[in-house]
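In the two assemblies presented below, subunit A is common to both, partnered first by subunit B and then by subunit C.
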Partner chain A sequence: MTSRHWQRNVFILTFILPTLILYCLFMVYPIIQALYYSLFDWSGSSENKDFIGLKNFVDLMHDPIMWQAIGNDYFLVAGKMIGIMLLATFFAVSLTRFRLKFALFFRSIFFIPNIISVVVIGVLWAFIYNPQIGFLNSILSLITGTEVKTAWLGFPFHTIWMLLPPSIWAGIGFYMILLIAAIQGIPESYYEASSLEGAGQWHQFTHITLPLIWEQIKVSVLNIMMTTLNGSFVIVMIMTNGGPDNSTQVMGSYLYQMAFQQFHFGYGAAIGVVILIMSLITTVALQRIMRQETVEMN
Partner chain B sequence: MSWKKRLSVLSAAALLTVFTLSGCGSSNDAASGTASTGTTASSGKGLTGDFEVQYFVGGYGDAWWKKVVEEFQTANPDLKIKVSAGPKINDQMKPRWIGGNPPDFVYIDGAGLNARQMIEDGQLEDLTEWYKTAKTVDGDLISESLTQAPEDYSGKTYNIPLALSSWGIFWDKKLFADNNWKAPTDFDSFVAVSKEIKAKGITPFIHTGIYPYYINNSILYPAMVSANNDDFSILQKIAANDPEAFKSPAVMTALNQIVTMRDDGIIDPAAVQLNHTDSQMLFLQHKDAFIANGLWMPNEMSKDVPEGFDFGFMPSITQKPGGKSIAVTSTATVGVAAKAKNKEAAYAFIQFIFAKKQASQWAELSGAPSNIKGDISASNAPAFVKQAAEYLNSKDTIVVPTITFNADVEKAMNDATVALTIGTIDPNGWIERVSAAAQKAAN
Partner chain C sequence: MGSIMGIRHPIIRIFFYLILGAWSITVLYPLLWTLLDALKDNKQFYANPPWALPDVPLLWSNFTYVWETYNFGKYFTNSLIVTLGSTVLGLVLSATTAYVLARYPFRGSNVLFLLYISSMMVPFSLALIPLFFLMNKLNLINTSIGLILVYATTLIAFGVFVLVGFFKTLPKELEEAAAIDGASYFGTFFRVMLPLSQPGLVTVAIVNILNIWNEYFVGLVLVNDPDHYTLPIGIAVMQAEMQYRTEWGPLFAGLFISIVPVLIMYIFFQRQIASGITAGAVK
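Take a look at the complex of A and B:
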C-alpha cells in the first residue's frame, strides 16, 4: 500500500515538477528579483547598488508622469474592454445565430489581426495615421473635398484615444472565436423552445446566450485587462514612443524608459512592482464585480 | 498503467526538463564568452595573452572593424583576440559589465551604452595621464591626430572620439534651383525662404518629433551657442547639470527662435508624430523642404533618394546674419574597461586604430567622416563625406565638441522642446521644467 502510495506521488510529481521548475525559474524568480531591485538606487549597469528602502516607491507617488501612465493604462483597459467585448460579442452572435452566408470567411477575416505581430500592427496604423501620406487623411480629404492634414498622433492632449482603434482591432478576433465556441456549445433546442414561446433575437440573446457564455465573457474581460496592463507598451513604443511630451506614456513604456534609457533600473523595477500589484488588485476587483450565479446547461 | 510505462513517462519528463534547462543555459554563452587573465609583452608589438574587443554594429557597419582587427592581429600574431560584436552587443554584454568581467576595449555607440553613465558607474579607465603622451603607431601624438578632442569630465579623459559626424539642416539643391530659392545662411534668410516655400504649397521644415533630439541637436543647441556669442560653454554647463545655465538669455533667445518657426507655420505639424524614417521619406518626396538631421542621413536613405536629388547641408541656420555656423557634433567614442584584464593590449589597440591611414579607411568602409585628421579627398569615400569633412575643418564653423547630457536632463529637454513646438508650453515653461530636471540630477 505504501509502495503504491509512493508510486502515485512520483507519478504526480513527474507531471508537476517540470512545469513548476520552469514557472519558478521564469516567473517567481524574476518577480522576487524585481521586488529586490526596486529597493535599490541602481543604474542597471553598475556593479554597485545603493539600498534606499522604499524611496523609489515614494518618488513614484510624486512623479506626475507615473500618474499620467496609470491613467492611460486604465483608459486603455476600459476602452479595450468595452470596444473589444461589444464588437467580439456582436460578431460572434452574428456569425452563429444569424446564419450568415459567408460566416466562415468573415470569421477568418476578423481573426487575421491576431496572427499579425503587434509591431506590424503598430507600424501599419502609424501609416494609416500619417498626416501627409496616411490613409485616414486621404479618405477624409476625399469626403470633405478639402485637404486634411491632421496629426492624429500629435494632439497636445488626449492622443491616447488614437491608440484605442488599433488595440481594439487587433484584439477582436481572438475573443470572437472564444465566444463563438461558447455559443456553439449552447443546445439549439433552447433557442427553438424560446422561439415557440415567441422570444425574438434580442430576448434570446439576453436570456439564453449571455447567461450561458458569461464565464467566457468573464475570462475575456480579465484577459484583456491583464494583457493591456502588461503588454500595451509595445504599441505605445512603436506608434508614439510615449509622446508627445509623455501624453501617451503607459506604465510599461515608462518602465522601459526609466530602466533602460534613463539608467534608473531600480526605479524601473519599482514600476514593474506597481504593475504587478495593480494587476492583482484589478483582477480581484473585476472578479467581484462580475460575480454572477453560474448558469449551467443540463 | 504498468510500472514500466510510468518509468518511461518519468524519464521522458525528466529529459524534457533537462533539455529545456540546458537550452536556456546555452543561450547565454554567446554573450558571456570567456575572457581569461591575459599577460602581455611590454612593447607595442608582439602582444600576447587574451584581448577582447566589444563593438556595436549600427549605421557605420562593421567592415572597418573587421579590417582593423585583422590588421592588429597580423601585427600581433601571438595575441588571442576575441571579438564581441553585433547590433545587440551592448545589451548582451551588460551582464558581464555588471558582473565585473567586462571586455578590454569598448566602442561606445548605439542604444544601451552611455559614456557619462559608464563613467559614473566606474566602468571606464581614467585615460587622462596616458592620453597626454600616447602616440599612434605612426609616432604622432593621438591628441594631435584628432579633429575633436575627447570630452572633458571634470578635467579627466575617459573616452576618445573615433567617429565624427555633425547635426544640421538638409535641403535639395535641385528643388531650390528649380524654384529660384536661395539656400539660407542665417536665421533671417531661413525664415524668409521658408515663407517663399510655403507660398508654393510645400511645408518648409520637418523634424523627427518622436525623437526630439534631432531638432534639439540641429536647431536648439546651435541656436543657444550662437546666442551665447559662439561660446559653447553654455552646453557644457547644461551637461554639468548647472541649473544657472538656463537663466542665460541665450537659452531664451534660442527657444524664441523655435517659437518663431512654430508661429510662422514653418514647422510641419505632422512632425510631432513621425519617426526618423517617416520624416526622411517626406523630405525625399519634397513634402518638406528642410529637414533637421545628421550627416549619416544620405547614406541611411541611399536606396530611396530620388534621381537628381542633390543634398545641400548646413550645420546650423540659427545664427545672425554674418555669424559663424555652429556644428553640434555627434561622435562615437572608444575606451578601456576599468576592469580590463589586458589593458596594455587595449592601449596598444587605441594607438593602432588612430593611425593616420585609418582616416581614409574609416571613411571608405563606414561611409562617414572619422575623427582622425587626414586628407580623405583622394580616398573612395562618398562625396558628401568629403564635403562634411571639409565643413568640420573650416575656420568659419564653430565645432562643438562631444557633449553628453545627463539622461534625465536630456529627456526633459526633448519632451519640453516637442511641447514647445506644439504650443502646450511657452519658453518660460521649457526653462522651468528643464531647470527642475537639472536641479534634481545635480542632487
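Take a look at the complex of A and C:
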C-alpha cells in the first residue's frame, strides 16, 4: 500500500514538475522581473542601470504619446466591440434561427479570416489602402471618373479609423462560432412555445436568444477587450508602424519602440505594466456594466 | 406566425442571402486576388487596376523567386520546425499536468490551476523584455529551440484549461479497472487515458498550430537573424523593404505561401477548430 502511495507521488511529481519549471522560467519569472525593471532607468547594459523608483511612471503620465496610445487602444476596443459583436450576432442568428440554406457553407467561409496571420491581413489591407495602386482608390477613381490618390494611412488625424475595418473583418468569425454554439444550445421548445403565441423573429431574438446567450456575449466582449489591448499592436506595426507622427501608436507598439528600438528598457517595462493595469481595470469595469445589463433584462 | 420554421417570406429570404453572399465575397475575394496578383509583374500593377486578371503567360516564377531569392523556402522550414516543435512540447507539458490536476488533486492543485490560467490575463508583451535578456543569457536568441521553448510555454494555459475539462469527462472506472489489473500510474496514463483523450488532444493541437504558425511579435523580439526568421517575420521584413524596391508580385506570392498550409488544415479540421473555440472560451 505504501509503495503504491509512493508510486503515486513519483507519478504526480514527474507529471507536474517539468511543466511547472518551464512555466516559472519563461512566464512567471519574466513577468515579475518586468515589474522590477519598470523601476529602473536602463539602456540594456548592466553598467547603466539606475534605480529611479516610480519615475518612469511619472514620466509616462507627462508623455503625450502615451495618452495618444491609450486613446487609440480604447478607440480600437470600442470600435471592435461594436463592429464585431453586431456582425457576429447578426450572422450567428441568421445562420441558425432563420433556417436558411447553405448555413454550414457560409459558416465555414466566414471563419476563414481568423486562420490567417495578422501580418498577412495587415499587408493585404495596406495594399487595399495603397495610394497609387490600391483597391480603394482604384474603385473611387472608377466611380468618380477622376483619379483619386488619397493616402488612406497618411492622414495627420484619425488614421486610426482606417485600422478598424481590417480588425473587424479579421475578428468576426471567431465570435460568430462562439455565439452559434450558444444559440444551438437553447432548447427548441422555448421557440416553439413563443411561436405558438405568435411571436416573430425579432421578438424571439430579444426575449429568448439574447438573454440566453448573454453569458457568451459577455465572454466575447471581455475577450475582444483583452486581445485588443494585448495584441492590436501587430496590425498597427504592420500597417502604419505607429505613424504618421505617432498618431496611430498603441501601447503595445509604443512598448516595442521604446524598449527594442530606442533601448529604454525600463520605460518599456513601465508601459507593459500600464497595459496590465489597463486590462485588469477594464475587465472589472466591463463585468460591472454587463452584470447590471443582465439585471435590467429580467 | 411560425418563426420556429425560420424566415418564410421569399423576398426577406433573398435579402438575407444577398447579405451573406456579400460577406462571403469580402472574405473570399482577398484570397483570390492574393493568388491572382502573385502572378503579375510590376508593370501590370501600375498599368491596370488591382482587380484586372494577370496577363498570360502567368508569372508562376514569382513563387520560385520569393522561395529562393527572398529565402521564403528557409522561412517556411523554420516556421514548420518551430510550429510542430512547440505544439508537440506544449501538448506534452499541458496534457501531463492537466491529467494530474483532473484526476489526482493534491494540496495546492487548485492554486496551480489558477496560476496557469491567470497567464491568459497577462499581456505577454510585458514578459518579453526580461525574456529577451534571459534568452540572451541562455544563448537561445536566434535559435529554433529558444522559440520552441517560449512558444510551448505560452501554450500551457490554453492546453491545461481545455484538457483538465476533457480528462474530467472520462469515466473513472477505466483507471480503477487498470489499477486492479496491476497497471502502474504511468501505464494507465499512456495505455488507457491518452488514447481515449485523442479528440481533446487533437483540438488543442490544431488551435495551437494555427496560433504559432501565425505568430509574429515573440518571433520579432527573439529572432533577428534572417537565417531563423519564420514566415510572418519574413513577410513583415519584405513589406518594409517595399519602400525601396517594389516587387508586388513576389510579395503576394509570399503571402499566398503562408496562407496555403493553414487553409488546408482548416479544410480538414474545421470541426476541431470550432470545438477548440467553444472549449477555450467558457471562462
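Criterion: the second predicted complex is superposed on the first by the 260 of 298 C-alpha atoms of A that agree within 3 Å, B and C clash if a C-alpha of one lies under 4 Å from a C-alpha of the other, contacts with A are read in each partner's own complex, and residues count from 1 in each chain.
The rule is short, and it goes like this: contacts are C-beta pairs under 8 Å (C-beta built on N, C-alpha and C of every residue); 3 or more make two chains touch, one makes a residue touch a chain.
Note that this is a predicted model, so its numbers are computed, not measured.
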Subunit B versus subunit C as contact partner of A:Thr227, first or second or both or neither: neither
Which of subunit B and subunit C A:Phe15 touches, first, second, both or neither: both
Touching partner for A:Gln261 - first (subunit B), second (subunit C), both, neither: first
In the superposition, subunit B vs subunit C on subunit A residues touched: C
Touching partner for A:Gln7 - first (subunit B), second (subunit C), both, neither: both
Partner chain in contact with A:Ala126 - subunit B first, subunit C second, else both or neither: both
Partner chain in contact with A:Leu153 - subunit B first, subunit C second, else both or neither: first
Those residues of subunit A which subunit B touches in one complex and subunit C touches in the other: 7, 11, 14-15, 18, 22, 25, 44, 126, 132-133, 260
Complex contacts: residues of subunit A adjacent to subunit B: 7, 10-11, 14-15, 17-18, 21-22, 25, 43-48, 126, 129-133, 149, 151-154, 156-157, 240-241, 243-246, 257, 260-263
Subunit A partner contacts - residues on subunit B that touch it in the complex: 1, 3, 6, 9-10, 13-14, 16-17, 20-21, 24, 94, 97-100, 111-112, 114, 117-118, 120-123, 209-212, 268-275, 278, 281-282, 285, 287, 407-408, 411, 415-416, 418-419, 422-424
Subunit A contact footprint on subunit C (complex, rising order): 1-7, 13, 16-17, 19-20, 23-24, 26-28, 30-31, 34, 45-46, 49-51, 93-94, 96-97, 99-100, 104, 106, 112, 115-116, 119, 121-134, 149-150, 152-154, 156, 184-186, 189, 210, 213-217, 220-221, 231-232, 235-236, 239, 248, 251, 255, 258-259, 262-263, 265-266, 270, 273-274, 277-278, 281-283
Partner subunit C, residues of subunit A touching it in the complex: 7-8, 11-12, 14-16, 18-20, 22-23, 25-31, 33-34, 37, 44, 91, 94-95, 97-100, 102, 106, 108-113, 115-120, 123-124, 126-127, 132-135, 138, 142, 169, 174, 177-178, 181, 188, 191-192, 195, 198-201, 204, 216, 219-220, 222-223, 226, 229-231, 233-234, 237-238, 252, 255-256, 259-260, 265, 268-269, 272-273, 275-276, 279-280, 283
